[in-house]
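Look at the two complexes coming up: subunit A is in both, with subunit B in one and subunit C in the other.
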Partner chain A sequence: MDREKKVRKSLMKDFLGNINLSRRSFIKASATTGAAVAAGSGLSFELKALAASTGAKGNGMGQWLPATCQGCTSWCSKQVYIVDGRAVKVRGNPHSKVNMGAGCPRSHLALQQLYDPDRIKSPMKRTNPKKGREEDPKFVPVSWDEALDTIADKIMELRNNNETHKYMLMRGRYSYMRDVLYDRMTKIIGSPNNISHSSLCAEAEKFGPFYTEGIWSYRQYDVLNAHYVLLWGADPLAANRQVSYYSKVWGDVVDKATIAIVEPRLSASAGKADEWLPIKPGQDGALAVAISHVILAEGLWYKPFVGDFKDGNNLFIAGQTVDEEAFEELHTNGIVKYWNLELKDKTPDWASEITGIPAEQIYRVAKGFGLAAPHAISWLGGGPCMQVRGGYTAMAVHALNGIVGAVDNVGGTLKANKEYTSKFPKPDDFMDDIAKKGKKHEKIDQRGRLHIPCLKSGKPGGAVITNNSADGILNDDPYEIKVAIGYMNNFSFSAPQPERWERALSKIPFLVHITTNASEFSWFADIVLPDTHHMFEKWGYVKAIGNGYRHVTLMQPIVKNVWDYKIDETEIPWLLAEKLAERGFDNLLRHYKTYKDPETGKEPSSDKEFALYSLKYATQQLWDPAKYKGGDKFDGWEAFRKTGVWNSDPYPFRKRWGKMKTKTGKFEFYSETLKAALEKHAENHGVGVDEVMKATHYLARGERAFIPHYEEPYILGDEKEYPFIHVDHKSRLNREGRSANCTWYYDFKDLDPGDETWDDVAKINPLDAKKFGIQSGDRIKISSPTGSLFCTAKLWEGVRPGSVAKCYGQGHWAYGRLASKKFGKEARGGSSNDLIPAQYEALSGSSAYYAVTRIKIEKV
Partner chain B sequence: MPRYAMVIDLQRCVGCGSCSISCRNENNVSEGIYWSHKITETSGTFPNVRFHYIPTLCNHCTNPPCVRGCPTRAMHKLDNGITMHDPKKCIGCRYCMINCPYGVIYFNWKDGHSTWKSDNAVIPGVTGSPADEVRKVGGKGTPYYNPERNATLPDIRPKGVVEKCTFCDHRVIRGKLPRCVEACPADARVFGDLDDPNSHVNQLLGKFRPFRLKEAVGTEPAVYYIRDFSAAGYPRTKGGV
Partner chain C sequence: MKDKEILSVEKYRSDIYQALSSCYNPPEKGISDVLKRLEAGLCATGSNAVSQVVVMRSELNTGVTVDDLKIQFAKLFIGPYQLLAPPFGSIYLDGKHQIMGDSTLDVVKRYSAAGLTVDESFKNPPDHISAELEFMHVLIIEELNCLHKGCADEAVAWLVKQLEFLDSHLGQWIDAFTGLTIQKTQLPYFKYLAIATRQFIKEEMQWLGETMADWHARSETMAG
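Take a look at the complex of A and B:
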């Protein structure tokens, strides 16, 4: 091993020596009704037919069948190589215009997930009535029948006692079949408590584009036509979103565009960037407003979008207020107000001290970015905005796209293309009085209270605040939860301060978990149901955007089910509906029977039929030529299924200029949309907007609450006791939090710059390490005010002094033999969430993961 | 007969490692053994730091020291330029590993995929065991085992012999690209025939100044590199004294 390392090290030296002599310095300038296949036998007839028709290539032993990967939320269309009903290899689906046949490293790990020896083979039930982290649940296998009977009995108990609101559904990774289980079943049983994971994921990132241009969603970026790409905590070559597409084209983007990246850690994308701006954690807002200041002061804003001074003279002079009347605005709202209220004093010198970035670099990046207008992208990732005071940073970063006219423009930032999937039938007619009454209760996550406005799409209390549900459950506030189901979620691992979830889940009298692996969440469950793997065993579909297109890509059962799994979002709710009907409550089953097969008009009569029909129902307008609306055209369901993906029409540029879904119809620097939402929320609570600001930890008062602006970060912990700021980041091998039981995860962990194979390291700048007497390889304990973890120290130059970077993904104490050191007892590595306090960007409901806590390090 | 070579465009390479993971998968390679690998380095001092990544694999040298030093001719050249190994002739002396200047040959100290042989379940009765899984799925060594590797080389190499990249000779003979080339999302790897003047490989070698690893040792690798991984611009300066 040592020899090998030495050889490679010296190779690197030689190689770099060669490069120095190079020309580089001159250039740059089933499946079937899921019915699956009896175990042990070969492929079913349908599988064979599907295989045969999807281009089995000459003299290979298998066939490439279409699939969808949800290892990250790129949601790529894939193909899987199937040999004798076994999945053997994975590649990008060449039919997708979003990922264009490109794959990524994490997609291959899906094979090790599929055949993870620690997957649950059959339903199981807890035999130890005591619940807690220290209590072995003593799971024993039970039949599907017994498991579903028990669950149905518990739901009927709630219905009989008129307390259906005490039922709760927690959603983790989903497909767009989600509403069957998440929405319809919860409503028809009669509960308001369908709680998604979304605010653990990104809601603050949607806040920026919504309150400037009216889209509550992720964006896509026209990188091949961009001349400047400014990334903010986004790492498109490693994580979220369209890693495959951006990996495919980045070599060309590098040629055409200047790439600058703002992030305290040298990320995978930073390794290939022209400029790295290693900002002090939490200070992104200061940099964004300073860059905006320079662009306005230098007269580089994009006039065909923003407009211009009436007399043509630039009055944006540092420190000076501008008369609003002097400027004639075109497709934007409030550029002068933005200058007067925020930008006029925000010079690079001002920002330099706050951000730790040299003023020359700020000026250089700002000028380069402005000169590239309108083909300049300000690309917002989670880092700058999933912070306690990150909402306005999200706006400031996204507002840069407005200033340079990149919104909806060639070489700019785009929304999603149109697609034509359908919603499932409405549940209203199947909701009885109990259900209607039950649904009216306040939600368990307390969204919409004064301190947690959760202003999704302009609506107070519109967004989920996932992590706060634990407190709702713990405090019986607004009431107790008696029966809960979670699917493909793991909040006691994936949510900040997970110890709260351990207590909350222990407190729920009857908890069900639908999952592939016995996870940290399953540990507290009464019944655990074995789930299918989305990529190989499930019917479903998802939508994704990239490359100026949107695709809708199918999930299909394409392998033999090795054990007795069922599909989370369709088969299991159907089977439960049958059990409820047996008990005299048939509303849910009657509702599900309205999801008829669009081809035959037949109503479903089994879980397998239901899974297939509901998918055909939802996607009919994509594959049925009689209902064609746009994009790829198929001659029927079979053709769609064999291709596995539908592509939209190309992106219609600049169609939204002047017609944005904001209060003014324009791109809002002064957000009338946010003003209305905040005023509505304030009114709901009989207070003023200033009190809302105060209750949500924001410092802005008055008009500043309606414009993008800089706020000092809100970071927990005293600097003397906790000298470092914690920097969390994601791995290019993470399949969300679910790779840790795969050997390839560890064998290739050093694909994340700074990380090591078969270890979990905290990356510390050598200057800091020296001060604290720490060396690479030291076993360390990291503590924050709310928790601690153990891992290995790694000295690394790619991290800003004063901060410590650690990758999310390890630290499981359950999930499997490899994920944990001792299953159920001891974690392998440390999970960042054990350091991160349960704090929120309250305007969006988003959990705060970044610049949220200080930490200390001790050698152990 | 073609003479195969690979050009790796470092500017297109995004350092993602899809090559290495898909190679594991294609060739049923055990944990800890990297037919496809990388050299990485973080250079500089904060804040002037960059991360560099060079994908590596067997160089299929025209002048291969591993072949010359092999006492049993287990390591040999094919007519198409591929440096091939025959584990049946291998006596495990590891001279090839010592002679290879690139560290890309690995020795099997133990049987492959041994973790899959375990009969333990983490929750007895409810979860299976690795051995169960392999049996039930019907793989060999691993459940996701690729039988196509067996065409030209034992699908799983035994203990006591060496192994290394074969340019996916079993695919190439069927007219398919090496798996690392197919799986590279960035299209950073280009494979082809050096004897065909119009091959894409030759086009690139003519357009850019290529590099090979340790040219000075005279091994004449068939793996070429073009352009830079970190192709960053920088403000114009003459420095200072």
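Take a look at the complex of A and C:
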């Protein structure tokens, strides 16, 4: 070897030595060598990674391009600074009237997600047929062709065997392109099983507004005109929704309004509030009815909305029933029934004992809130209602808005403004007999059974009960799931008692996961498909409300894709449709071809065209001047695309008074709407409403089932063995995860009050800690009746004695280099879901996360 | 005669880079042929890395299947979970455990200056090791073309580009990258691939460094 080296060195030395090359001519040569490839040369290359450059070179100049953040469900419109195809920084889109150019920490984390080396880079195939947490999937890369061929074969097997109902689509984070994959594809294949994540998110929060004022949705709040803001487990400066908008204006809100917050821990918003009511977990309903009692007893209800006693004398006297005939209601229904059935005895003294809040404070807050009517907001977050008995708390908290006339009013609580996006073409004509028959089967989440009414929008069995699907799969009840696709979801981490999902996913013979980072869900997949990142790589749109407006903000591919991903909701279903057509089933492809480009009338011929045309199709009425219906006006698609966001007209206050979408058309304290839904559900099962109450863990019987009321919380665990109540909360740095593999998440974790950088702490009141001999920094094990986790103890006065607060987000055992401490073996921190039992607020289908379990702590 | 020998040796250098580049793509059935070419090149240029390649080839003959290689390759260089040995320059050079860093942009500039871009079908960052190795392959081919045409001054300019690229990029992170590969692999095949890669790059840097130093010294003399 040495001889060859010497020869080689000497050869080159001699050669160079013989070159009559001056420094000047060398510099000239250096300047010309770059053109050689493009100009062609004698020896040819066999290139795989590189190619001769033909396009324009980057000039290092950047530009701000429109985008959308889905770091939480605020769905802010953004702009990203792009230099030579690379995303460099993020800011709020100044064209949005919802977030008005504001941002929050989450959007910046998207940059680290985009360029995370642990992202899925190409389709992967499982080579280990055994599934389980201890089984290494042994993934290997495969081509998109091979991956899609495999999936199409599995779907065709179901179709050929007339068992298309055994196909399942699980949806996590989505855009409004969702129906392409979630709805149309599932239906045309022939399955009833499009299962969304929504009940992990907030369904119980929608229950209160729906069964009082007929909106199954999130609200927006006119905070700049409010005089009193009463927050219930909502933390608008940190989490869900419109964090950027509220963060921007909160200084003004603090100046103008009194802010009170009901929450067992000192949240980011509590830190800026005038009143903190550190309630015992689960007792929010007692406080809500006591505040309502005070407002009525003090005569502070808003008479132009609710009405008044006919003789003008306030007969709402503690402990006394009132003759319904004595009151003339205007835009509400059942205020006297509410008083008689629930409120008359619910004094601050009564509530004080239950809630742990001093009666004086309850009275002060109630009176202040009532005096501010109608510019007083009762702001419902997930905490008080995503509890086993939280449905009626949701109603009680929202009913406060009715009492003070804040509903649909200036300085009050508002629904979403009108927007004019279109639904995709209907699938019906493309559903063959197999599909029609398949779709008629019961859904795998068992929604609508006696104990899980899931009364979305008044319809029994209308709401998803996501977490129950795991039990459906495990028990083959109502049948076996054979082929399943999940996208941008991670139920084996994000759902309570996730171990059930690990077993359920292991049981599915063929599972596909579409996602950006391989997660605890992907671990059980047969095929993993790499997804685009919502902020930088995807065509899509989402809608959001705030500041009295609604915006529709676009997601666009604005960076150069580094790896081989495709868009979950459009490109992948199109490619699958092509594969199914190759196998003789072309219904889905024919359906997708009806999504024509509104500008040219051309039908899509590729996945890329389909992704773009379907978006233009859905948003045409926003950007096509010929179809204009309201809000911002554009002169065409390009103008809309460049701005990136459409804004609605301003909010039309008080237009819904007397025209609400309830049975009575009014704001219902006595909910005829809920009564009808419950009676329908009871009738479906041949029982009475009392049996429904019993089956769903509720204590109410008779008429109380139709009014907001207090129910003692249903908390798992014996107090002697499990002395603390678990308080789960969300981070400023995520809402739904996907930040866990970013260093900035850990660098800035102390943005969450009480938390520490690069650690995962359980916050314990020092009084409790002293009793148990626990100090800050102690490694602890927290256990509930259904699971346990390990983390670090943090003594913190910001949590109510008797409860322990822990932020959701860490505790991944997979997901990436940073997310788990020892990949696949040891989690970094602990996941709250390992403590939380799989329980439900069954009337809405919502998973219960709060005041649902007791816990104990051991030093380890 | 000497010129022909130079051309031959330089062609081997280019072949080695090309073969090494292929080794950092997911293993396929033709991997044995790639290793043969790699071994031939390393032999002809007198590289000490040849012994590692011999072991790699023997590994293939002792029951290690292409599927085994694929699984291990994925764990080391693809994922889908945490990458055991990220094959991207920016991970090591920019210190943020992120791809597409400033160093990546510098790589793109160097490709561009040589008339190259990343191929549309190449679904990896521009500073993926297989791209950087392929870039070296191209730079040597360009040098060879100049030699063929008798443009010695331009050939030297391509040699300088080779040295600069190794000095600024691949040579800067090859130790850390191959160190991780050696530490994390459960198949000896990739351990020997890493050692061979590191050995060859080190030899290249030394050889190119010395050669260019000699040339610079001579140029200075001529200029004086």
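Quick notes on this one:
The rule is simple: the second predicted complex is superposed on the first by the 799 of 860 C-alpha atoms of A that agree within 3 Å, B and C clash if a C-alpha of one lies under 4 Å from a C-alpha of the other, contacts with A are read in each partner's own complex, and residues count from 1 in each chain.
By definition in this document, a residue touches a chain if its C-beta (ideal position, glycine included) is under 8 Å from a C-beta of that chain, and two chains touch if they have at least 3 such contacts.
Since the model is a prediction, treat every value here as computed from it, not as a measurement.
Of the two partner chains placed by the overlay, subunit B and subunit C both lie in contact with A:A518. In the superposition on chain A, A:G816 makes contact with both subunit B and subunit C.
By the touch criterion stated above, A:P117 is placed in contact with subunit B and with subunit C alike. Looking at the shared chain after the overlay, A:T743 reaches both subunit B and subunit C. Look at A:M61: by the touch rule set out above, it reaches subunit B but stays clear of subunit C. Touch criterion met: A:F139 reaches subunit B and subunit C at once.
Judged by the touch definition given at the top, the superposed model places A:T258 against subunit B, while subunit C stays out of reach. Within the superposed three-chain model, A:N340 lies out of touch with both subunit B and subunit C [touch as defined at top].
In the superposition on chain A, A:R86 makes contact with both subunit B and subunit C. For the contact definition in use here, the residues of subunit A common to its subunit B contact set and its subunit C contact set are 3-4, 7-9, 11-12, 14-16, 19, 22-23, 28-29, 39, 58, 84, 86, 112, 115-122, 124, 139-141, 518, 562-563, 743, 816-817, 823. Put simply, subunit A touches subunit C in their complex at residues 1-9, 11-17, 19, 21-23, 25-26, 28-30, 32-39, 41-43, 45-55, 57-58, 84, 86, 112, 115-122, 124, 127, 138-141, 517-518, 522, 528, 530, 561-564, 743, 814-817, 820, 823-824.
Put simply, subunit A touches subunit B in their complex at residues 3-4, 7-9, 11-12, 14-16, 18-19, 22-24, 27-29, 39, 58-61, 83-89, 91-92, 102-105, 108-109, 111-112, 114-122, 124, 139-141, 237-238, 243-244, 247-248, 250-251, 254-255, 258, 266, 268, 270-276, 278, 364, 518, 560, 562-563, 732, 743-744, 747-748, 750-751, 753-754, 765, 767, 796-801, 816-817, 823. Across the complex, subunit C meets subunit A through its residues 2-3, 5-6, 9, 11, 18, 21-22, 25-26, 43-48, 50, 67, 70-71, 73-74, 78-83, 86, 88, 91, 96-101, 105, 108, 111-120, 122-125, 128, 130-131, 134-135, 137-138, 141-142, 144-146, 148-149, 151-154, 156-158, 160-161, 203, 207, 210-211, 214-215, 218-219, 222-223.
Those residues of subunit B lying in contact with subunit A across their complex are 9, 11-18, 20-22, 24-26, 31-32, 37-47, 49-54, 56, 101-103, 115-116, 118, 120-123, 125-130, 132-133, 136-139, 142-148, 174, 179, 182-183, 185-188, 209, 211, 213-215, 225, 227-235.
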